[in-house]
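Dropping the structures in below, format is structure tokens.
Heads up, the next two complexes both have subunit A, just with different partners, subunit B and then subunit C.
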Partner chain A sequence: MSELGIVYALLGAAVAVLLSGTGSAIGVGIAGQAAAGVVTEDPGKFAKVLIIQLLPGTQGLYGLLIGFITLSKIGVLGGGLADLSVSTGLLILAACLPIGVVGLLSAIAQGKTAAASIGIIAKKPDQFAKAMLFPAMVETYAILALLISFLSVTGIQV
Partner chain B sequence: MSDTKYTYAVARIRALENALFTDAVIEQILACPTAEQALQFVKEKGWGSGAADEDMDSLLNREEEKAWEVIRDVAPDIHLFDVLSYPKLYHNLKAAVKKACTGAPGEHIFYEDCSIPGQEMLKIVENKEFSRLPGNMPGAAQEAFETLLHTGDGQLCDVLIDRAALEAVFEAGEKSGEPIIRDYADTTVAIADIRIAVRARKTGKTAEFMQRAMAPCRSISTEQLIRAALAGEDEISRYLAGTAYAGGAEALKESPSAFERWCDDRMTEIMKPQKYQTFSVGPLLGYLTGRQNEIKTVRIILTGKQNGFPDDAIRERIREMYV
Partner chain C sequence: MSVLKMQRMTVCALKRDRKAILEKLQSLGVMEISGIPETEEGFDKMDTAQQRAGFEKAAALADQAIEILERYAPEKKSMFASLEGKLLVGTEKGRRVQEEKSELLKTVKKICSLDREYAERKSEIAKIENSIESLRPWLALGVPLRNTETKRTVMIPGTMPGGTAADDVYGVLSEQCPGTEGVDVEIISSEQSTVYLAVICMKEDAAAVEEALRSAGFARPSQTWERTPEAQKAYLEQQIAENRSRMADVEEMIRSFAARREEIKILADYYRVRADKYAVLGEIPQSERTFVLSGYVPACEAGQVESYLTEKYDCQVETEDLKEDEEAPVILKNNPFSASMESVVESYGLPSKGEIDPTSVMSFFYVFFFGMMLSDAAYGLIVAVVCGILVWKYPRMSPGMKKSLKLFLYCGISTVVWGILFGGYFGNIVDIVSEKFFGVTVTPPALWFVPLNEPMKLLLFSLLFGLIHLFTGLGIKGYLCIKDGKIMDFFCDVVLWFMLLVGLILLFLPSSLFASIAQMEILFPDWVNTLAAVLAAAGAVGIVLMSGRDKKNPALRLALGAYDLYNVTGWLSDVLSYSRLLALGLATGVIASVINQMASMLPNNVIGVILFIIIFIVGHAMNLAINLLGAYVHTNRLQFVEFFGKFYDGGGRPFHPFKENTKYAEVKEETLL
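What follows is the complex of A and B.
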């Protein structure tokens, strides 16, 4: 049994969770600053801006999902570690990269778009649905990355 | 994440923009039959301190203070707004120099809501502690003080300090590193130079006087403007037609008040795109200048009504609103 194989696989799970989680934290933070600005002047808009603030948080959940699947697949959660070759470990690491990298960048971009959309809520609260759509468009690419990471991790034979 | 440091401030400004007067609200104020009713109307819109017997001046001063309080509260770097606070600071210097040299009594001649309030400025000038002043003020203060003391020429004293103020505004704009503040400062100086050229032409001032009064900027050439002013008012319009201030040339032909209105409207036009920015200082500057413009417009309407001006004469002086 090569220990490096399991190290690479664990590194993959870590990349998925760390990068997408960091992106979400930054994105939710940016949107949260904008939300706080609006609520300072108009507390009645709290619920609407909170929903928009939460949108960049999904990437962190996607990363967590891929991390769980990876840990489960390599036996870290099940009790017995799988016997992984270096190449299989690297394959799992590669499979985790899409949601890690795209999760990081898309969550930051989504946070900025959410902040701009919160500006719409500040001025035209009746346009809530349209304001939601702009950051939601960024989500598409995080979902595509999640899909590829999910298919890759589940498709790798351990 | 330096590009996100204005996120909170801009979102708060977005919420506050809802309370800015639109052109329709200005029309409503104008439609009030008397100055008292117009004053009551703006009080009902939340203007002033809330005191029932508040007069126009204290109400409008309070609104100006409120606008600055918001900016001081939200701006990560208040020094970026020096371009807007310098006029008050240099006014205090001018008033202090005149008071110190002539000993003329004067109540309420100073602004208190700036970095060096009236009495402190007066003390600095009286004790000739000019080195305590910031930026280019020490040199300008000393020169103006000595000029007024030796020649008694109040206008020359004003010119020296006004020019120093324009230079300080331009320099602050250049140093800010923010394109919108640089544009604001440049436009402020250019418009001031155009005003100087127009007034100097009307009063028959010399090229030397204009050179002393005008401050250099990016968007117009002071040399060409001085040459045009010496040649005549039409020549000023012709020169401006080839610059970014072509609209000003048209307004100049119309009337002095149309030109003054154009100057403010031009600034509003520069600021309007800032309503769609989310991560820059622009919306803060747009809000502050928008508030100042709105206060100035309300002052024009109220004083016009107090003095019995017809609505058409007041309407001609009404500025375009930011929102």
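What follows is the complex of A and C.
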């Protein structure tokens, strides 16, 4: 038993939230710049571009999800820290990595795609469903990472 | 599940009836004018561009007048005004507007010119205010700036650079023109960068003095006035007041027209519709006495239209089925439930020739998957109730809007069902509230199981649902092949794949890998295992041999077959894609729990409870919004990419009937017969 186990585990939660949150912030930012440009030209498209701007925001939520589950698993929430060995702590850290790293990178990529899709809305507003689909394709990989992170965190015995 | 059958209708009638017939067709809105025969000997097309432009201009003018009225006398609108749909106008009223159209158009023009006058007056006031501004530094001067002189002396008003004092001016003058006498310099006012002054000198010295001053930076004022600055200012202010009162009058006059808003709206639409009619009129060939008209009509309406036209007018109507190679425009026709999903199919692409309408099959999966992704009974109830109320309360909203709201109504109901199955009500609000405020933890039981506790189970079910979805898609492809009589394609592209995939799945189920994932072992009797191996092998060999069947070269054929077999990985990724059903469902539930957790950390007093409610409302509203978006996007994706990818291309052309394309009002039409 070591003091460090819980530190690694908490680091895992932090990594999940930090990286994916950063990615989403960047992604939503990129898309937001394009959205603002469209709205200056045509304020009527506000709702549509806002929806597309939001799409890269989900990675941050997935990170939050993993972070929350980790916190409640190691007892940071609700008191009573679990007594973790170093290896368990590291396991949890490793489990958090997929959503952290994939969340970071996929959110940025999705932000760029969303910006391009906002370009579709600017020129062909009736093609909304198709425009929405391109960023959604990128998100698949964040979902897969979320799944593995989730299954790993819930699977690790504390 | 169907695409309406189209027929071609050709009408040949007397020229004197042409307007009546066109108007009737337009108000029925069932015919897409197209494929008009090439102009033949004796048939000419009428040039209607001019009339059309006239009507379009009138419509634009009326639009402008409505906009102006909206600016001066805004209509009271509720938050959901966009749902109210177009104004419904009785036939009687529509006719009256047509009768009064020239008088109404005058009103429209009057409104526009009044608005112009208002704008002119406004800019006039700005201009006057500017000149008052330039007058301000001179106010202390008691005489006019222009031509002020006595018998012997003259006044030269002007400006000098900032900081110039009277003594500086005297200095300049004595240096540059020493001979002058009796010069008086008076500083009227001074600003940071400019000093306003009046120099009085003898008439004969005026030129020399001014020259000298100029060298020191003197400039005459850009504007001068006959009156004294004080009087001029009063005069200008008087003018502003006059303009203001005129503006108020104009505003009042425009407002007085607000009562006619509805008629102007009808007028705008009337001209719009007429412009469309003349566009068609310019397209159709006409001889001296007759004209010809041709277009697509849905087969179910064709009979009625034909009998109506032949009864009422002297005309020849022919209705025929479309030629083999003709690509007809598409109208989807579905039962009320599936019809609400038509817009989803439309946004992907309407079925092209030979394809079936996938709406009804898709609608079931759509609602099913949507509910699974949102999977919170409370959220679903909110969505369903809101959409239900809106649909019920605004029966005249645009059809597209109505379909979308109904779509979400059904999806909301499905969400409620899934929420009850998974035990999600605002996440875990029941647990939190009961524990925090009543001290006992009450957990509403899940009817099926709680995904958070058994994620692997839900993952497997998600993949299973996905597999069913994909197999349905492949099955539809098979159906299409048989329908078109392509038995070979059916066997090679559908049956062989089914064999391969079913075989692979049967091989996978008893394996240790599956056992470790599902935490349960499945044991098949030996004959099933053998059958699975045979199926998979036969499927694989068949695909390798048959995929490249249109190639003569055997090596190329095998290579293509092997490549096609590689598509097995495509199937794998398609199935795994359905894991989003689990992931999004978890996201909704866990984030809702985070919100509840945050709210529950507050102390148990009055302020705590108020904050609890605020966090609860704001947090769940955001979570609902973002997950609603997520569920919508990803349900669409599953349909478009995974499902449609198996059998559906889209690429059909929507049906654009010749109809009354109005913007504001709909005139209630008497029915066909």
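By definition in this document, the second predicted complex is superposed on the first by the 157 of 158 C-alpha atoms of A that agree within 3 Å, B and C clash if a C-alpha of one lies under 4 Å from a C-alpha of the other, contacts with A are read in each partner's own complex, and residues count from 1 in each chain.
By our rule, a contact is a pair of C-beta atoms (placed from the backbone, for glycine too) under 8 Å apart; a residue touches a chain by one contact, two chains touch by 3 or more.
Keep in mind the model is a prediction, meaning the values are calculated, not measured.
Participant: Could you classify subunit B and subunit C on subunit A, in the superposed arrangement, as clash or fit?
Facilitator: In the arrangement built by aligning on subunit A, the partners subunit C and subunit B fit side by side.
Participant: Please work out whether A:62 is in contact with subunit B alone, subunit C alone, both, or neither, and reply first, second, both or neither.
Facilitator: In the superposition, A:62 contacts subunit C only.
Participant: For A:75, using the defined touch cut-off, is the partner it touches subunit B, subunit C, both, or neither? Pick first, second, both or neither.
Facilitator: In the superposed model, A:75 contacts neither subunit B nor subunit C.
Participant: From the CA centre of subunit A, what is the angle out to the CA centres of subunit B and subunit C, nearest 10°?
Facilitator: So the C-alpha centres give an angle of 50 degrees.
Participant: Using the superposition described at the top, determine whether subunit B or subunit C touches more residues of subunit A.
Facilitator: For subunit A, the partner with the higher number of touched residues is C.
Participant: Quick check for you: in the superposed arrangement, does A:115 touch first (subunit B), second (subunit C), both or neither?
Facilitator: first
Participant: With both complexes placed on chain A, how many Å separate the closest C-alpha atoms of subunit B and subunit C?
Facilitator: 11
Participant: Quick check on the complex: what are the subunit A residues that touch subunit C?
Facilitator: Of all residues in subunit A, those touching subunit C are 51, 54-55, 57-58, 61-62, 64-65, 68-69, 77, 127-130, 132-133, 136-137, 139-140, 143-144, 146-147, 150-151, 154.
Participant: Give every residue of subunit B touching subunit A within the complex, in rising order.
Facilitator: Residues 1, 4, 7-18, 74, 278-279.
Participant: In their shared complex, at which residues does subunit C touch subunit A?
Facilitator: Counting only subunit C, the residues touching subunit A are 344, 347-348, 455-456, 459, 576-577, 579-580, 582-584, 586-587, 590-591, 593-594, 597, 626, 629-630, 633-634, 636-637, 640-641.
Participant: Using the touch rule from the top, collect the residues of subunit A that touch subunit B in their complex.
Facilitator: 26, 30, 33-38, 40-42, 45, 112, 115-116, 118-119, 122-123
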